[in-house]
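First, the structure itself, so that you have it in front of you.
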Amino acid sequence: MLEITSTPLVIMAILGTVGIIIPIISIARKEQGSNSFYAVIAFAALIVSLGYVGYQFLNDNIAPAALFSEDVLVDDAFGGLFAIAMLIVALFTTVGSFNYMRKHNSPAVYYSLILLATIGMVLVAYSTDLVMLFVAWELMSLPTYILVGFIKKNPSSNEAALKYFLFGALSSAIIVYGISISYGLTGSTNIGEVIQGYSTLDPSLLPLALLSVGMFIAGFGFKMGLVPFHQWLPDTYEGAPPPITSLLAAGTKKVGFAAAIRIIVLGMVVLNLDWTLALGILAVMTMTIGNIAAIMQKNLTRMLAYSSIAHAGYILIGLAVAPHSSLGLQGSLYHILNHAVMKGMAFIAVAGIVTTLAVTNLDKLKGLGRRMPITALALVISLFALAGVPPLSGFWSKLMLFGSALDAGSTLWWAPWLAIAGVLNSALSLAYYGWITRKMYFEGETEKRVKEPKSIIAVMIFSMIFLIGFGVYPEPLIQFVEFATPVLSLDFMP
Amino acid sequence: MEYALLQAVVLPLLLAPVAYIIGRKAGPTPAMWFTFAILLYTTILIINAALSGTVEEHYPWTSQFGEFGFLMDGLASPFAIMIYVLSTILVLYSKPYMLHIFHHQFEEEQNINPSASGQTSVIESSALSNYVNTKSGLYFALYLLFAMGMLGTVLATNLIEFFVFFEIMLIPGFFLVALWGAGQRRKIGLMFLFWTHSGAVVLLLGFLMIGFTVGSFDFADINESEIPQDIAMFSAVAIALGLGVKLAVFMFHIWLPYVHGAAPTPISALLSPAMIGIGAYGIFRLIVEFLPATFADLAIWFYIWGLVTMIYGGAMALMQDDIKRLLAYSSISQMGYLLFGIGTISVLGLTGAEMMYVTHAIGKGILFMMAGVIIVKVGTRSISKLGGLAGKMPITAVCAVIGALTIMGIPPTSGFMGEWILFAGALETAIEEGSTLRAVGFGLGLVATVLTMSYLLWMLKRVFFGKTPEHLENVKEGSWYMTAPMMVLAGFSIVLGIYPDIFYKTIIPYMSGVLGV
Amino acid sequence: MTNELIDFILVSVALLGIGIYGLAVKRNFIRMLFAIEIIINAANINLVAFGRFLPHSGGQTLALFSIAIAAAEVAVGLSLIIVAYRMYQNVDIADFRSLKG
Amino acid sequence: MATELMGFEIGATSAWLVWILPFAAALIIPGIAKLSKNVTSNFSKNATGYVAIGFALMSTLSAASMIPIALEAGEIHNQIPWIESLGLKAGILADPLSIIMANVVGWISFLILIYSTGYMKGDKDITRFWFWMMFFIGSMQLIVLSDNLLQVFFGWEGVGLASYALISFWYRDKKKDHVGTEGRTVLGMLDYYSPTHAGMKAFIMTKVGDVMMIAGMLLIFLFAGTFGFKELIGDTEWAVTMTSQGLLVPAFVLIFGGAVGKSAQFPLNEWLLEAMTGPTAVSALIHAATMVKAGVFLVARIGPLVFALGAAGILADQFFEIVAWVGAITALLLATQAMVNPEIKKVLAYSTGSQIGYMMMALGVAGLSYQYVDGYTAGFFHLISHAMFKASLFMAAGSLLHVVGSRFMTDMGGLRKQMKKTYAFMWAAGLGLMGAPFITTGFWSKDAIFAAVYESGNEWAMPLYAIAVLTAVITAFYTMRMMGLVFFGKKSKHIEKMEEEGHHIHEASLSMWIPYGILAVLTIGIGLIGLSMEEGLHHTFVDYLENSFGIHTEHYAIEASILPEFLQGLNPVALGSSLAAFAIGAGLGYIFYIGRWVDPVKFVNSNIIFYGIHKFLLNRWYLNAIIYWCFVVAPLWLARGVFRYFEKTAIDYGMNDGFQKAVLWSAKVVQGTQTGVSQSYLFVFGAGLLFVVLMLLI
Amino acid sequence: MADATFLALTVITIGSAIAALEMRSLIYGSIALMGTLGGIAGFFLLLDAPFVALFQLAVYVGSIAVLILFTVMLVKRELIFKKIEDKRRKFAGIGLMLVVMISLGAVFLDSGIKTMITDEPPVDFRDIGADFVTYYWPALILMGLILAGTVTGALVLARREDVENDQRAN
């Protein structure tokens, strides 16, 4: 039985209560515009949740990546890592929305939906039951459909939401289908039992097990933005309100990986097949197509969207080699954490730019370094971190990812090629990151400085400290990731 | 001296913001002297440490990737000394040159932005001084970072640390080129970033292969016998390719003429002499020292590759009209010498290769400074528009000739002391192995020295001798800020040419140790 | 129970195929919503069928969750359609292509 | 260490000073120039010159102070630490050879420096001139006195550098400073060179030799582990190893390659002619005392070593054969060209190359004969006598140029009245060059060479001898031609024009004619005692070779001879052919150019064969043009082709723009799939689902 | 072997699914969709899951389909009867459908579940309730949050802001 003080439940309680209460307050107060009030409440709720996670960690109340439990949820470090990352992203989004939402209606519902989506994001990582996972997944998805289309007057926002919704609904149907097969094969929805059931599966049923895995890959891959399930992603990221893009790119996308690690990877380890090649191929396709498509983009948001597709590819490297290298999952988790901060920061910077200058077209960003120096600096740092330039935090996680691919090279002939593809893509990605930098710093006339939103600056400064600080001294993060990484072996089965 | 190397690396990093602030508040001259003081102090630390033999420092870092350390041994100390000596004296040189660039760019911007044109000259001049102050602050801050990155690379004791510094020197370099370069500086800045980063990531692949096979990234733990042969070969090739981009060897060289041509001259004078040679340092440290057996297999390819680069770079230098591009191709050719020397796989040859780094640093430093003086004082960099400048700027001309002689390898400049020992090594191996290929390579290498001489003398002839075009009648000698650094280097070249033991005596024992002679 | 499990599953597969076809071909957003509903229902058949043949209660439970969530999804989808319709006076998804490239 | 530093013997000081002093002078000259800039007295104007001459004199006196050692066939060998990490030491080796050479260099340079004070008067770059002159002399003395090859190489490149600087001394490329005939082309190559071009050509061409030399040096170093001459002869184990690998002869031939370059021997001879763009004082220095003599000296330095090794059973005959033949070919090649060239300095330059060829031939033949010392002495004797008369001739030619203002002999003519002293001295020196019998040094030294070649008794002796004699004929002829064109006949239009314009053709200044006067007088003076001089040299070298290299010389009784008593000991055949060659050559020259009995122009044009030969010679056997085509034009063309079609297209475009375009193209393709239409996305999704499933199943 | 009821349900379900997608009129399409959903409820009954079947009827046929119907009626008339699709895409879609059906069908047919039948009694739907409160209770809470969030969100989206703003301005 779950303890009532376990982290997921407490987070659920705090955020759920606040998330429900905010719209009620709004109705009770019968006012629309009081953005800052709701933002502060949401912010406080998130901070309290984050604080609770931290408190649990500091008091060693969190088990090292347990992964399985007889319950629907488990309070382990793996979930804790995602909780921290997702709460940070939600904080970014909340703070980043502060200025953005001043101009738009219904802030209460907006923040409430963010909080609800956050619960979903956090709980997916904690789930140890397929039903729980599915429900949490939907709790994450449904509010974000609405959030993406939240700017009703904006056709792009609506179009983005429609596309997102279509894919989201399709992929949740596919996930249910996958769950149904795995349930049918093992007679349980508990992930631990499913996996155990898979390990003792009758050989004639193996294709079905693989079918379910394939459906999970497709279903979760949609959120992760894996090629060929990625096509909605740039459109949606571009059309969505920028803070929400940040939530999508930095948050929900990572949750896809959480789910994938919980189900696909573990399940496949058990199935003990040469399945990882499929993930490897997807990884290479994803990063290559993401990077190549990003190069020609004229729109900053879209470029970053493609870049986040590419990063999904990098993270997938770690999953693909996970059974052969202990570093694989560590690298993936590390990169997920880093990418959450880097991409979150980048999109929040975009939000800041949109809020103050109302442009995202790269040609109109000329001279941004002079107009919005802090935002531009932060953006550049996040871009270089995304490119994996040391001594920024992004470097270390990429290092671990490529390292894991090479590390697995001793048992997996194709694994080094993943690393090669990865580094070449990294180099390629610098082309457009550099391009943005060039636009911001080396072009444009003598523009005057404009006022940058304080909330955005706060996010920027936090992220810069994070990226540079952990870039120079990455040890704590490495330790943390190591602690949170599940060890892939059958001994962990319940 | 406690923490000498740490100070030498970290002080410039920490004080870079201070340099920026000083530049902004007090203008270029104080910023220059501040930067100069930092670098002078750290250079003295470095030289002091070099004199006391091998110095090692270790600091805790990551558990996964090893510790953060600095090591200055016989291999690293010549590199470290040259890097900081050049950086230090180029600070002085930077001031007049960069002021020239800043004024130029300011005017450009004024022209683009007509709103400023109607103002009075008083306001304009204060705008100009503000502009110059800000820019020079930024320049010196980036300069410090750049120098620090280069030093850190050669002192690193850990593969990852090496890589980190390797990349750190890239970023300020990119900004320096893209902000104050010439021509299509932004495109070229990106090209620089892209090429060298591509090389760096390939290098990283090799590092990771080694690191994971050995289980540690610390230099001290790397032992070739623990690495399976194919992995060692693979990683050595990856490292060589990665460093090859930095070295700008044949096929990977194309970024260099653009970048050296476009970079502001003090930076060209750091890029070319100090930075690209770090590729050679990497090969020494990572392949020659850590993977000796693989190196033995690869040496002949380095040899041939170096040879091709030597000749190709020289031949292309003959075709250049832009003086800085010519020097850039010359650098490519010289990097060929380094690689050639490494390929000789003999103590003499390896010593020669490292000595070539030193002499190339001196010679090319002088020549780039010469180009800078010409750019500032004449305003053109096209050789066909120059001529007869020897009478107008005698000090520059004399220094340029000494620099050219250094590159050509004519005694009593240090170039000869690099070259003869290099070729002695090449010949030694050719005889020992009885290899016709190596012997032919040796001969072609000597031919390449004639080629080197041809393009340099031709350049000198076209720039400094011959008839003086009419538009150059009023050209003056550069200021002391510009000529003094050249004279220092020229003097150093001759001192080293006459008494090469300054570096030989640290390099040779190291190389003997590495090759197990 | 006279029917075999495979029969139900084949029906479910057929519905899945039809749903995918509908999504990939139809341009009317409302019809696409139909297609999604068909796929979800296909999955539900699977769940219940497996639950029956195991036999196990979890299948029905999940099917209930799935139905409820499908309802929520439809609500969201319809509200998005309404917004879109207000803006474009159209529900042809192929007209929503300003975001591309 | 300390003791070794202390080992700087007092006795060796003078040897060190010989080369250190000129360098010291070079170093302080710029400072002197700076200091004296503000003083306007007459003395201070020439201060740099006086400093230079003073130092040169001190250096030369130091050299002279060592003569007694040479006469005793003793030696000073003194070393100081240098590159300790390789166990290399710097040192001086003052043995008879180098002491004599140092004196020749020193005294002749000293005279040339005095001459320069007049010749270079008023030149605004005079400081640079003195700097490089002193650097030149210092480098040469360094070559002469070094005890190891590496140090020799320092001097070697030093003279190269100095020659570069001095040949292109007038770097502003004024028209008057060019050489060659303007507008004249040979095989499409312009035969007209600016000083800067000439300097570059000289430097690069000699560098070709230098790289050969360094290759040879390195070969020896790698086997012997040392560059030192004393060490090399001390333990010959290395030579045995090298011979067993067939590398000994190549090594020495490569070193000889350096000498070929510096001494302008075939096929690296072409730079020497263009070197005439330098001030004449420089030409004199290059041709008489430094640079080109350095090559001969080097062969004299290593020749005994090779021979000694040969005597020890390690045969190195090919080395000497190559030396001899290169010398012979050069002697003939350049002499023939001297017959037709219209520029006085170039005639002298050709002549120098030709005479150096003689020296090489002698030094080569020496090794082929069993009596090494004969050829050795002959070659070295010729070096000394040539130094004297050629320096004199050049300086005299410089006066002519100075006065006439043209380098073409056709612009002179009939000058014997106006410039009596020059006329007389030039005759004296010219006779030396021609080898006028019995009274000139040239005769004795040339005769010694003839004898050495004739007596060498090897298979190549007769062809070499024939070439030597033929060359002697030609030498006499072109010397007469030069004298005739310059001093006889009618005044040229150029001179008439000058006189019309008010220029007075007059004798050169005192400081100019005294030096070449001295040398001309010495040519005759020493010529009169030439035979005893030769014997003294012979004696010295016999001891030297015996002591230093263990080369024994057999003393054999003088055979009965048909010659008069004072010529006893000379070879009658050599003597006879020497006299005959002088007679024929000088006679022909007299007929054409002094007596003017036949008009040479008409004579040449009378016959297609003569015309063809004349043109062939005037075009320098087409060698220069061919070298330019092969080593300048073709490589440049090739480089341009590679630059345009490889570097710019394949590499630059391919790896920058092309790569960029390819990536952008693929980006477009990828973007093309992103149509914005949800159906296509969903279709891809469905297909992707299948793809993943199938990938897993397969 | 399947019995007649099953076959009839299959025909109804699949037929009306195709009809729902292919009928020109959206209104008839929605009604056909109701048929499909009802048919599936029938399957649930066949599978001894009456609770789910009722839920299906209540939620789907009762509310969702009606909701859809209303939405359909909300849009313009010509849109309801306009059938918009590309020929080429249609064929590709049919191809995709067939490939999906055949390949997935083959996988299922090929596997060991082909002949699976059961004689065990069906699950008592009280077990489902027990599951809900003991095991799945966090999921149930989340479900509540989903519904709450979705409803408020959908309301915010569907609300006509221009009207509201007008009201507020007044």
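Each chain carries a letter (A, B, C, D and E) given by its place in the written order, and its residues are counted from 1.
Definition applied: a residue touches a chain if its C-beta (ideal position, glycine included) is under 8 Å from a C-beta of that chain, and two chains touch if they have at least 3 such contacts.
In this text the structure is predicted, and so the values were computed from the model without any measurement.
Inter-chain contacts peak for the pair C-E. Taking the mean of C-alpha positions as each chain's centre, the chain lying farthest from the centre of chain D is E. Of all chains shown, B has the CA centroid lying nearest to the centroid of every protein CA atom. With each centre defined as the average position of its C-alpha atoms, the distance from chain A to chain E rounds to 30 Å.
Look at where the CA atoms of chain A average out and do the same for chain C: the two points lie 26 Å apart.
For the pair chain D and chain E, the distance between C-alpha centroids works out to 102 Å.
Mean C-alpha position of chain C lies 5 Å from that of chain E. For chain D, residues that reach two or more other chains under the stated contact definition are 671, 674, 676, 678-680, 682-683, 686-687, 689, 693, 697. Counting partners per residue, chain C has 16, 19-20, 23-27, 32, 44, 49, 51, 53-54, 56, 58, 61, 65, 69, 72, 76, 79-81, 83, 86, 93-94, 96-101 as the residues that reach two or more other chains. Not a single residue in chain B touches at least two other chains.
By the contact rule set out at the top, the touching chain pairs are A-B, A-C, A-D, A-E, B-D, C-D, C-E, D-E. Those residues of chain A that touch chain C in the shared complex are 130-131, 134-135, 138, 142, 145-146, 149, 152-153, 155-156, 158-163, 165-166, 169-170, 172-174, 176-177, 179-181, 183-184, 187-189, 234-236, 238-239, 297, 302.
Within the complex formed with chain E, the chain C residues making contact are 1-11, 13-22, 24-28, 30-31, 33-35, 37-38, 41, 44-45, 48-49, 51-58, 60-61, 63-65, 67-72, 74-76, 78-83, 85-86, 89-92, 94.
The touching residues of chain A, when paired with chain D in their complex, are 162-163, 166-167, 170-171, 174, 207, 210-211, 213-215, 217-218, 221-222, 227-229, 231-232, 234-235, 273, 275, 277-278, 281-282, 289, 292-296, 428, 431. On the side of chain C, the complex with chain A involves touching residues 16, 19, 23, 29, 32, 36, 39-40, 42-44, 46-47, 49-51, 53-54, 56, 58-59, 61-62, 65-66, 69, 72-73, 76-77, 79-81, 83-84, 86-88, 93, 96-101.
In the complex of the two chains, the chain A residues touching chain B come out as 327, 384, 387-391, 395-396, 399-400, 402-403, 406-407, 409, 416, 419-420, 423-424, 426-427, 430-431, 434-435, 438, 441-443, 445-446, 473-475, 478-479.
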